[in-house]
Amino acid sequence: MNKRKIFNDPVYGFVTIPNEIIYDLIQHPYVQRLRRITQLGLTHLTYPGALHTRFQHALGAMHLMTLAIEVLKSKGEKISEAEAEAACIAILLHDIGHGPFSHALEGLLLDAHHEDLSLMLMQKLNDEFGGALSLAIDIFKGDYHKKWLHELISSQLDVDRLDYLNRDSFYSGVMEGKIGYDRIIKMLKIHRGQLVVEEKGIYSIENYLVARKIMYWQVYLHKTVLAAERMLVHAITRARELYTQGKLELTSGPMKEVFSRSWYNESDQVPMMLAFTRLDDHDIIMFLKQSQYHEDTVLRYLATGLIQRRLFRVELSESEIADTYRLQVVERVAKNLALSKDVASALISEGCEVTEMYAPDQEEIRILLKNDAIVDLSGIESVFSTQRITRHYICYPKPY
Amino acid sequence: MNKRKIFNDPVYGFVTIPNEIIYDLIQHPYVQRLRRITQLGLTHLTYPGALHTRFQHALGAMHLMTLAIEVLKSKGEKISEAEAEAACIAILLHDIGHGPFSHALEGLLLDAHHEDLSLMLMQKLNDEFGGALSLAIDIFKGDYHKKWLHELISSQLDVDRLDYLNRDSFYSGVMEGKIGYDRIIKMLKIHRGQLVVEEKGIYSIENYLVARKIMYWQVYLHKTVLAAERMLVHAITRARELYTQGKLELTSGPMKEVFSRSWYNESDQVPMMLAFTRLDDHDIIMFLKQSQYHEDTVLRYLATGLIQRRLFRVELSESEIADTYRLQVVERVAKNLALSKDVASALISEGCEVTEMYAPDQEEIRILLKNDAIVDLSGIESVFSTQRITRHYICYPKPY
Amino acid sequence: MNKRKIFNDPVYGFVTIPNEIIYDLIQHPYVQRLRRITQLGLTHLTYPGALHTRFQHALGAMHLMTLAIEVLKSKGEKISEAEAEAACIAILLHDIGHGPFSHALEGLLLDAHHEDLSLMLMQKLNDEFGGALSLAIDIFKGDYHKKWLHELISSQLDVDRLDYLNRDSFYSGVMEGKIGYDRIIKMLKIHRGQLVVEEKGIYSIENYLVARKIMYWQVYLHKTVLAAERMLVHAITRARELYTQGKLELTSGPMKEVFSRSWYNESDQVPMMLAFTRLDDHDIIMFLKQSQYHEDTVLRYLATGLIQRRLFRVELSESEIADTYRLQVVERVAKNLALSKDVASALISEGCEVTEMYAPDQEEIRILLKNDAIVDLSGIESVFSTQRITRHYICYPKPY
Amino acid sequence: MNKRKIFNDPVYGFVTIPNEIIYDLIQHPYVQRLRRITQLGLTHLTYPGALHTRFQHALGAMHLMTLAIEVLKSKGEKISEAEAEAACIAILLHDIGHGPFSHALEGLLLDAHHEDLSLMLMQKLNDEFGGALSLAIDIFKGDYHKKWLHELISSQLDVDRLDYLNRDSFYSGVMEGKIGYDRIIKMLKIHRGQLVVEEKGIYSIENYLVARKIMYWQVYLHKTVLAAERMLVHAITRARELYTQGKLELTSGPMKEVFSRSWYNESDQVPMMLAFTRLDDHDIIMFLKQSQYHEDTVLRYLATGLIQRRLFRVELSESEIADTYRLQVVERVAKNLALSKDVASALISEGCEVTEMYAPDQEEIRILLKNDAIVDLSGIESVFSTQRITRHYICYPKPY
């Protein structure tokens, strides 16, 4: 059987499966499940094209990994077949632990970070594949001695980010978020064991950082997207409460499982994991569709709003939301929608979003100068000013 | 409130909502539901990017309609505001009667054609909107005296096809299917009451017909897509049987409704329609996910195969499938999968697909020559040979 | 005769000629001459695709003008047919005064700025066209009372820049320079008589300013491009000296004209202008090709280097080039190439390039906030830091 | 010195120079000269973007060669470093023998075919490079035992065609001519020593053949392009006559050389070749610019028309142009333009253009079926009908 399959990818044209084990992994239900998890959750309510999945992202990131490895090899870096394969496996599986709606519900269904879940699932796959994923897991965890292989998977310049910025920009149609991923990859180099960018690539890096900032404020933190995600979080939180109180019937088996157990009970973790691997966006959307007719006002309100796209209003502010203002909003909502203040309160949420264009204190981007010195990006004269943007928000139902 | 909203569209860049009533229609749950119906059903199992929805297609076709109207006006055609608005409404709503997975399940859940359902729903909306859709409905039905307005919605060169070919090619990543929609639109003209293409556009038309043929054989009738759709049809058919026999519990309310009633009972039509407007891809996928654990072997086999993407094999043939061959396949499947011959038979299907590059006997493409004569496309010397391609197929489970 | 011609444009797809007078102007030899003047001079020696002409740019900028006018009209701005036509004419002709190699030789053949020459030629055309360009000229000069029409032609956000950034990025293949011209145009508005950008467009503006900076340093001031342009300037300067001394024969009539006269003699201006309208890139390149065999070492060296693409080395520095360093370079060049120090000196040049990301003191970009206030872009919190980048350079022959 | 240079290419993004000798060849004046020869001659008078050069095409075709070799290697074909390098050299230099305006003037300045001139120049380069091009020359001539290496350079599916169709479509803006070059290359295979296409690539091949036909009729044989090229041929023919008669002074050295000698004198061939390597589009355009003021009516008329873009009219006809019609045209032109009948006759030309969509009798496209048989494309049921299109034309001055 021919396992050198080629996928058509609207973003890169073609993505070639580099070898058999990758092919077999893609066939596995854990990876196939990613076909049913959208990359950007409810973003499509604002950008109708943003329906791409974690599956597409996993293939895309793997494609960029093969390009990066090719470039590094062409610059004289020794990379064994086994290392190349392991790096591809690690990036293919890096998001396997994402649940429904990716980040929006992170930590809410299972109280665990998706990277930890990814690792657990990779270990389970390693058992199934007779240890063939061991090196991939070492690289994923950062335990392998060639640290730069881990950096290709997780750092300021990893192929994960390159693919998702590229792909999210493509599918949302926000072309200002487009990055020169191919040029950035061509400028990568390993220098004294570290992943660096050659000096002549700094404008591509600048473009990348600005594009990323634009994607944050124009897409990821877009007010309507934020509103939808807050509504979803409220709906799931409310559902768990109602379910615990015996006031909600669920039709999704895996949802029942994760609602009935606690990640903090060690004995619950295995069954929760198994349920998790059967859980995807469809469980949540069917739950919302059915909840449009539920007797609880709050749940019904949220579910109907999400399905019919009548979304909350979001107000952004540079300073914290004052308590007095919050009270005003509660009263206004209660009055407008003829709800009790308790219900109104339950619908309203607050929070804070912070983005930083480039934060060298956390993770640096290393530039290799022509004189062979390495400087941090922020050391390049007058190119970047670190910009931290903070926005507080309050989110509440509009009167219709 | 500003209703001149702009949508980002990866295909066209931007789509502008031309006026208030269009905005209000888009907000209606009937149109919002199209966000949950993929344009190409299960095609994404072969082309992972093909996840775009009927909602995007509706907006895109409306966008092309505004372009076409602008072009025709610039060539001196008188088109009133009301006509332009009605044409936009008609195209926006032309697919509102599509059910889950669009064509794949057409006629299977409700025994009605999607265009009739679209019309019924448009009439319902017309009531809600106080008669504001009357002209749109006339145009949609072909009752309006300017027949070319109907031709823009439904003919060999309608904006429906221009958008879907364009969009399906874009999202599947099959760039050979890309068409020069903008050039074709710029070449449109009304000549003696008929929609025609100016002579200098014939190469764009040829490119369009070939691209269409390629999309048929490379995407719409791709063997794996065909397999997945046949499996889905089998699964739904089996589900209805089991449900009728009391052997299947359904969690989707609207599925229960449509399975419990018959479109041939006139009194059932209204409740079926209402259920239909609550039915979308998610009901079907959740049904499949749950059916992976059902006791009926056939249903379980089909559901698991679709969810885990273990799809049937399709064999194509220019001649009809011989009975003897069919029997061989049944035996082989029964043996390989350790099934009874009855079950094996129930999993196997046959059929026939026909495409024609250009069928002037059905609907012609009129070319306006420089000397002002109109000829049918097939009358242009040696450009087109009508090609009818017929493929019989047999579709059956692979051994894994 | 049909004058509603459509041009194919790789950048925008199609450019439609909006009316007859524009058609007739495009046919005029003054505009046709722009077909023989590249937009980016010698940039193609580094970016082989950058061969696009002032003619394409003129059409492209006109296209964006029609889009901008359409957007402003759709937002309720009254713009008469005559105003729209005049704005299109003004932008079509805004670069008509550019000479061979555009900016590279600006002021060197004729001691005049290209905008003044554009105005002179527009006035000449106005005579030929019986005064039909009067309003266009008023707008071009900024004399028309609707100042924002002039701002569309010349300001921080004019369609000139939008087209050239877009086009230069497209043809050079530096996709980091791509801008969201369509989104920026859709965000334009006239507010109290001023051209402004709506607040939701600020990320597109930020993207635009960064893209512009990238185009400056990656393309316009690319070291090799800078080297080639310095060589060209030297070659022309040397040619004028030799011609004046009777040591150079020229075969280009218009070159003889402009070398024999002085722009400071008022009586010379008319014949110089006429010669100028016959001068284009080809005169210069043929001069260089022929000068490869000239007896003057300096001219021969420069001409051969340009034709065979053996270009000078450029060194950039944040501080001024020290005199001692310059002397070292002269000696090194003299020794390496076996030239006298005089000749070596004549080949070496120095200079300084400055770019500023956004200089609100010179020309501002006005943002229209949602509360209807107008602020300068730099007033938007933490978005932009004004960045002035200065680079001194020294440019000298490499040893081959 | 780093010779692994990367070129930005608007068509492919990046083109990487694969090794040192290729780098050195690109630096050679013979290859640099291709920067001054446009790929499509005067086509830009109709498609203003079509200004790309033979230099870009040479790099692009070389890029596709590296892709093709990579694909074939990945399918198990053994290709040595030396073979890969030679194939790249051969394709890089395959058009080095093209003269000014490529095909338009082919055989007119030198009575030799460009492929023969390419070979002569490659042999000269082989001397300069100490025999390093011997294998490349063998492949180019078809003398190397692996015939498919030659087929990659010259056959129905060579990378030459793939690049030029792709590139010409890109720069002309005729997107209907776009081909899926990447998919076609991915479908190439060597089967029993022959270059074949895998069966699943047939729709890409069909798209390619139709795109090619469209490019022929929409671009290469576009009426205005044909007119311009006929005018150029007339102008050069007239120039040679006048020069021979001592009635024309030429300023271009190489033009004088080729006009003074004859390719049929063997002793003239070397000096003609040397002149030829100094001849490019600029010599011809300068000659036209200067000829606008020449005393010969015919030459002046043609030169002015070409420079000011007042082009001839072309009439196409399926049958031959009748003698009587020709006489009528002569009379009409003579009268309209107040010319003698002799002069009018000298301006008028006739000819015939033939294209064939696919001519298996000349060169076949071999399809590798899944059962390992090879069939000619035309053997695939009902896909292709061989279409030969013939057009006679007559070309004459319009009255202005």
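Letters are used for the chains, namely A, B, C and D, taken in the order the chains are written, and counting of residues starts over at 1 for each.
The criterion applied here is as follows: a residue touches a chain if its C-beta (ideal position, glycine included) is under 8 Å from a C-beta of that chain, and two chains touch if they have at least 3 such contacts.
Just so it is clear, the model here is predicted, and its values are computed rather than measured.
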Which chain lies the greatest distance away from subunit B when centres are computed from Cα atoms alone?
-> C
When A-C is set beside C-D, which has more C-beta pairs in contact?
-> C-D
Taking each chain's mean CA coordinate, subunit C and subunit D are separated, in whole Å, by 32
Would you kindly tell me how far, in whole Å, the mean C-alpha position of subunit D lies from that of subunit A?
-> 50
Per the C-alpha centroid definition, the whole-Å distance linking subunit A and subunit C comes out as 44
Subunit D touches at least 2 other chains through residues 13-14, 175, 183
Which residues of subunit C touch subunit D in their complex?
-> 7-11, 13-14, 27, 29, 32, 35-36, 44-45, 47-49, 51-53, 55-56, 59, 170-175, 251-253, 278, 282-283, 285-286, 289-290, 307-309
Which residues, counting only subunit D, touch subunit B once they are in their complex?
-> 175-176, 178, 180, 183, 203-204, 206-207, 210-211, 213-214, 217-218, 318, 381-383, 385, 387-389
Per the touch rule, the subunit C residues reaching subunit B in their complex are 4, 6, 13-14, 74, 182-183, 186
